[in-house]
Amino acid sequence: MHTFRVKAFGITKDILGGKEMVIEAPGVTVGDLRAALNEKYPKLTGLRSLFIAVNNSYADETAVITDGDEIALIPPVSGG
Amino acid sequence: MHTFRVKAFGITKDILGGKEMVIEAPGVTVGDLRAALNEKYPKLTGLRSLFIAVNNSYADETAVITDGDEIALIPPVSGG
Amino acid sequence: MIKITEKPIDVQKVIDTASSLNAGAVNVFVGTVRNNAHGKNVVWLEYEAYETMAVGEIRKIIDDASHRWPLLGWAVSHRIGTLKPGEVAVAVAVSTPHRKDSFEACQYIIDTLKVKVPIWKKEVFEDGEEWISAHPAVAVNS
Amino acid sequence: MIKITEKPIDVQKVIDTASSLNAGAVNVFVGTVRNNAHGKNVVWLEYEAYETMAVGEIRKIIDDASHRWPLLGWAVSHRIGTLKPGEVAVAVAVSTPHRKDSFEACQYIIDTLKVKVPIWKKEVFEDGEEWISAHPAVAVNS
């Protein structure tokens, strides 16, 4: 298992129960992390959308996360 | 002959040589006044456009000017 | 608020006047004096207005805009007299519930102002001056 | 200037930052907190940002806009924290040589900001609160 430290914003902060959580996933891609998150926090699947950012940019599902990367959950944005 | 007191703005002030001039015309419509103006000041015909306002509104050529009406020459506007 | 003034325009005041507690969007257009035109340096501009008619024509434009977009507030201020590069010549602000309307209404007002409202500007260059748009455009090579 | 701040936004400063002596046009969009939403009174809004990424995403939007329009100056300021109705949440200003471009560029920036930049708002009503747009829209009669 791989361990990821994930920042949560907006409604994901409420769903995860904190601003930053440690998540374990069997793989190292963004898709693997998403699957682990959805399993642990099923309410995430009810969101209109959920992007995952790696190092301050939107990341594809196939992107590989490496040690030291900054990971963040981006629920539907609503600025302005 | 009818006598009209005409306000001039922008380039028409330069062409007429003053902010307000008295013009004589044989008729009482805006068209009659325009013809008299063009004859006396041929440079007016070189303008891109020339509207005549009566009582603070753009007037048609057939509009009749009556005593006390405020008449103004409106060369191409360029505000903003 | 419709204002034709010789004093510098306070853009913040124009925005505040147009704002509304029911509005989510304010769009503001500020027209400033450029330091160049037609490849020449502009030293200053002279703005002149037929004030009573200008106010009336702006009012008509606002009335038209109010029928086309849900304006919650608006303000138009136009400066006259001598303006140097960088100074504000005109400020238009409108507020609407949502942003798309604010852009459309503000653009309609300034676009229409520029073709309907009796205000004139003369550009003063280092080597001459010219009433803008007075004569038909002359082709460069003619 | 790109700014994410807990302090009230100084719209005049945003405009001044975006202005340029070469520009004839400044367009400004100001997003304010409405006192109502979905027919309910808004008591206040909570804005939260993923600040480092938000600044980066705004920079990308400005870069894109700079390639599409001749921007001479620009500024984007977004407030976070607790905002009451009437307060300014966001201000975007751009200056261009001519006005049409200023409208288009400003609208592009705010439209794109609203779909790309990681900032979130929670509306707090008298009887509850809600993260805006988080869930799929629910039909009124379902």
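Chains here go by letter, A, B, C and D, matching the order in which they are written, and residues are numbered from 1 within each.
Throughout what follows, contacts are C-beta pairs under 8 Å (C-beta built on N, C-alpha and C of every residue); 3 or more make two chains touch, one makes a residue touch a chain.
On a predicted model such as this, the values are computed, not experimentally measured, just so you know.
Common neighbours of chain A and chain C (chains touching each): D.
Put simply, the C-alpha centre of chain B and that of chain C have 25 angstrom between them.
The mean-CA centres of chain B and chain D are about 49 angstrom from one another, to the nearest whole unit. Shared interface positions of chain A, i.e. residues touching 2 or more other chains, are given as 80. For chain C, residues touching at least two other chains, in rising order: 31, 99, 110. A list of each chain pair in contact follows: A-D, B-C, C-D.
Those residues of chain D whose C-beta lies close enough to touch chain C in the complex are 11-12, 15, 19, 21-36, 85-86, 95, 97, 99-100, 102-103, 106-107, 110. Partner chain C is touched in their complex by these residues of chain B: 7, 9-11, 14, 46-48, 53, 56-57, 72, 74-80. The residues of chain C lying in touch with chain B in their complex are 31, 47-50, 52-54, 56, 78, 89-90, 110, 113-122, 131-136.
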